[in-house]
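Below, chain A partners chain B and then partners chain C, in two separate complexes.
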Partner chain A sequence: MATVRLDALEKRYDTTAAVAGVTLDIADGEFLTLLGPSGCGKTTTLRMIAGFIAPSAGRVWIGANDVTTQPPQHRDVNMVFQDYALFPHLTVAENIAFGLVERRAPRAERARRVAELLELVRLPGHEARYPSELSGGQQQRVAFARAIAHPPRVLLMDEPLGALDLKLREAMQEELRRLQRQLGITTVYVTHDQVEAMRMSDRIAVMNQGRVEQLGTPEAIYERPATEFAAGFVGSINFLKGRCVGHEDGCYIVETAAGRLRADTGAARIAGATPVTLAVRPEHLRLDTAAGADGRENRVDGQVAASSFLGNLVQLVVRAAGDLELRVELRAGDRRPPDGATVSVSWPTAKTVLLPSR
Partner chain B sequence: MMARALSGTWLALVFGFMIAPLVVVAGASFGRGGRTAMIDFPPHELTWQWYLAIPGDQVQALALSISLALACALAAALLGVPAALGIVRGDLPGRRAIAALFRLPLQIPAVVVGVSFLQLYYIVGDVIELPLVGSFWGLALAHLFIALPYVVGSVVAILNRFNMRLEEAALVLGAGRWSTFRRVTLPVIMPGVFAGAVYAFMVSFSDLPVALFLAGQGFVTFPVAIFQSLDYDFSPSMLALSTLIIVFSFVVMVVVQRSIGLTNLLHTGGAG
Partner chain C sequence: MTARWHLLMWPPLLLSLALLVGSQSIFLRGSFFADLRVGRLGSELTLQNYWRVASDGFYLSALWLTVRLSALVVVFTFVLGYPTAYILARMRSVWAPLLLALLVATSFVTIVIKVLGLVILFSPGGLLNVSLLWLGLTDQPVSLRGTEFGVVVGLMYFTIGFFVLLLYGVVRTIPRSLEQAAQLLGAPRWRVFWRVVVPLSLPGIITSALVVFNLCMGAFTSAALIGAGRILTLPVLIQRTVMLDARYAMGATLAAVLLLCGLAINLISILAVGRLKAARRVVA
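Now for the complex of A and B:
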């Protein structure tokens, strides 16, 4: 087990930068997820850690060693691939023991370890099967067992659950997380599925266009996004454009088309009348007629433009002054205004985040 | 119903066409032999006699052809795999030209190949003072020339479909380049190598035009022996020997189909 440090890591292809300067410190035993849309450089970053791709600039450290120029077989990292990459000509037992053979472990010890791992991934009795004789989920487990047979210092996983159906994927998310905790292996995980990232990670690095937009715990990223991109990528959110006109009582004051609004938390260092964006999650918005504008609440009036019933909740779109659209989520039991009704939407300033405008 | 009957008839016709020459040879090999025709089909009277009368020099020619074909298949596999790896994986500037070069022998008529090698061997043989014409290695080399494209072709085909993640997985499991090749790459491309080698064997074994030029006194391959015997001393034991070869080829084919078919099954499922 070890820490991983990426230091201004870059990978350029001709004209484009696949990874444009990523700096990350990953703690010993941590489960860190690289989360971002397709093409943002997640796989490239992971493959630079593994040593399959040489960075154009920057360094990779594992523990106390600078491994930037070391080939993959000397890095003591291991990887679980999206298509598992199980050796098709070898049995499950031979697949799992592949790295042990390479390290010249005695036959008896290999057999013992294979049995132990199959127990761990809940596949005992499958030693003699070939990969083509396993289901997708079983192949995934074998790939994981193979990767940890000789415990690596760092485990890398590139969308390892991407090929599974939703139900199996959720089961495997829990399983992988359980095993990772149990073994305490430093893990870098890649996914573009924000729910998966939230569920599994100690910390998430939200990536966009080759850079890390925000690094933090799932809660921090959800509740206190640092950029519009990070806010929009994780969960759904309302954006309100405006200008920051001041700061008082620990609150930013922002002039928007829908009036003067306040935000408690802000990632931006604001000077003068800077263009900013306010962000608030739909579940923090309430409809009430009772005035709650005690300075700790924001308030906007508008008309219900659309509503949809989603089982456990009702989603409303409220159109306010200045063509502003607000998504509001109400619990299914709440009073549901008809379309066109004039409503007053309010939410706590504590749940309002001020972001620099793009 | 109609369509099925039609396609059934059609299939039977094609099958009959494919098998007719073989049936004639096999049938006639059991015939006593007519007074007028050399080939007695359908046989008037059944006999084993021609099987017992196969001349020793023809058996010798057959043995020579088989060892030549084996040498050719082995050499083609040993040279073809690195060549295919270079074509698919290498970063040489002239990769496409090299790939085209390896297909060239397929486009040259075999007779021309025979003449070319004859000329080449006269020149080179003079220089190194070794008779290449009429020698085992001389002919083996010429057969390697016409057989190599088959191995290169089939290995290139399988390498193009090769999942590079397999090699990366081996690398992170601690295997070096050579170990990765030996334990992963080679076993995975083996069906392609094997199929190419079987082709190479058949190309060498059945070659007449090249061998006609390069055979010599006391050095005669099986096809050349048959060809020559047709000219002057035809005997139905030729048919008997041919029948044995047909049976042997059929057995080999079934075995190859079984083994390759099975490995293919293992290689195409799920992962990979």
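Now for the complex of A and C:
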């Protein structure tokens, strides 16, 4: 168990920068997820921590050691690969014991540890099977057991659930999280699935084009996104373009096509009259007539352009002035206006986030 | 419904069998008749030729020499070829396929040209001896002509390309992530090689080694040209018996013995691998 520190880590290939300066501090025992779209540099970052890719610049620290130039086998990290990378010529027990053999653990000790790990990943009795005789989820568990057989200081996982179907994926998310908590191993997890990231992580680093756009708890990233990219990548959200024209009562005032709107939270250092974007999640939007008496509400009038029923909620698209489209989520029991009805959409300024425009 | 795709293998199998049996049976038939020299055969069926081969130390030592040289070539080809194949297969460079192509191309250059090149290289005034003398490693020219070692080198010249090509394909089927996983589990390079790469390529190694062995057992040119009449392997002996002595029945007998020995050795190796697979479940 150890902390991990990435210090201005970079990896450049001929023309492109796969990772363009990533600085991260990962706490002891933390579950940190690198989240981002395909090609944003997640795998490259992870492999630089493992030592398979030499960084072009920057350092990697594990605990108190600078491991930047150390080969993978000396870093005391382990990895669960996307394709599991189980040794096909070895049994489940031999796979799990592979690293214990390298570390010259006595035979009895190995057998005890294998039994213990199979118990932990809920696969007792599968010692003698070969990987080809296991289901995808079972292979995944064996890969995990093998990776923690000799507890590494840091556990790396690169989309370990990518090959599983949705049901199994969800079950394994909980399973992996339970095991990680139980063992307290510092974990860096890679996924491009935002739901998975939210469900499992202590903190998420949202990556885009080789950089970390935002680092924070799932709640912070969801409620207070720092960039348009982070806001759009995690969950669904409405963007309203405009110009920041002032600041009063702890509120930013923004001129948009749909009128003057306010935002409580926002990135600091927004100078006057700069182009900005307001962001608000669909579930914070309400259709009602009662004006927020305290002025702590934003309000936009428009027509219902479409609506769809999704069981637990109803999604509306409201078209407002200036070709603005707002997505609104109502609970299924709420009053549901017919298509074409004129409605007034309102939401708290406290739930409105001001972002610098891209 | 059971898949019947295995039926596809029968036409080519039968064709090659027919060609082999058809062409060889006429020749090999001669081995069962007495050899009356100058190309004439006796009229009664007899096993006397086989008896002669089995009882004459000359023929037995030729057989032993052939097997021994072939085995040596297999060993040397493996020692040189396996690391080469592995490195080529794991190279990220765009040059890897080109290097492989070059290496394989050398295997397809007519053997006569290559062997003559070697003969020139190894001759007393050739580059090798001049260099050795100049370096002071020897004070009189060494000759590989007429030595077993020379023949082994000549044979390797033509087997190594095939061997590397075959094993390159085998190593490419082993996912790199397996080696990386082993590395993270604490295995240094040679342990990764020993515990992951070798077992996973073992079936391929055995097959490729057999290919090399078979090529050598039947190789005539290297043994004849580099051996310079002093290294009498069975193929050389067969050529002499048939062409120079016109002893067709004896030549046929030697050919039959060579064929049977080759078959037996292949069969035993394949059975041994089958055993190994069953025991270890090696999957490539």
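Operating definition for what follows: the second predicted complex is superposed on the first by the 356 of 358 C-alpha atoms of A that agree within 3 Å, B and C clash if a C-alpha of one lies under 4 Å from a C-alpha of the other, contacts with A are read in each partner's own complex, and residues count from 1 in each chain.
Note that contacts are C-beta pairs under 8 Å (C-beta built on N, C-alpha and C of every residue); 3 or more make two chains touch, one makes a residue touch a chain.
Given the structure is predicted, the values throughout are model-derived calculations rather than measurements.
**Q** In the superposed model on chain A, is it clash or fit for chain B and chain C?
**A** Superposition result for chain B and chain C: clash.
**Q** Going by the contact rule stated at the top, is it chain B or chain C that touches a larger number of residues on chain A?
**A** Touching more residues of chain A than the other partner does is B.
**Q** Just chain B (first), just chain C (second), both, or neither: which does A:Ala50 touch?
**A** So A:Ala50 meets both chain B and chain C here.
**Q** With both complexes overlaid on chain A, does A:Asn78 touch chain B (first), chain C (second), both or neither?
**A** The answer is both, since A:Asn78 touches chain B and chain C.
**Q** Given the touch rule stated above, what does A:Pro124 touch, chain B (first), chain C (second), both, or neither?
**A** Neither partner.
**Q** Please work out whether A:Gln139 is in contact with chain B alone, chain C alone, both, or neither, and reply first, second, both or neither.
**A** Touch partner of A:Gln139: chain B, not chain C.
**Q** According to the stated criteria, A:Arg103 is in contact with first (chain B), second (chain C), both, or neither; which is it?
**A** both
**Q** Just which bits of chain A does chain B share with chain C as contact spots?
**A** Touching chain B in the first complex and chain C in the second, residues 50, 52, 71-73, 77-79, 81, 83, 85-89, 98-99, 102-103, 130, 132, 146-147, 150, 152 of chain A appear in both lists.
**Q** Sort out for me which residues of chain C touch chain A in the complex.
**A** Residue list for chain C touching chain A: 175, 177-178, 180-188, 191, 195-196, 199-200, 280-283.
**Q** Can you check the complex and tell me which residues of chain B touch chain A?
**A** It comes out as residues 163, 165-166, 168-176, 179, 183-184, 187-188, 190, 263, 265-272.
**Q** Quick one: which bits of chain A touch chain C in the complex? Just the residue numbers, please.
**A** On the chain A side, the touching residues are 50, 52, 71-73, 77-79, 81, 83, 85-89, 98-99, 102-103, 130, 132, 146-147, 150, 152.
**Q** Sort out for me which residues of chain A touch chain B in the complex.
**A** Listed in rising order, the residues are 50-52, 71-73, 75, 77-79, 81, 83-89, 98-99, 102-103, 130-134, 136, 139, 146-147, 150, 152.
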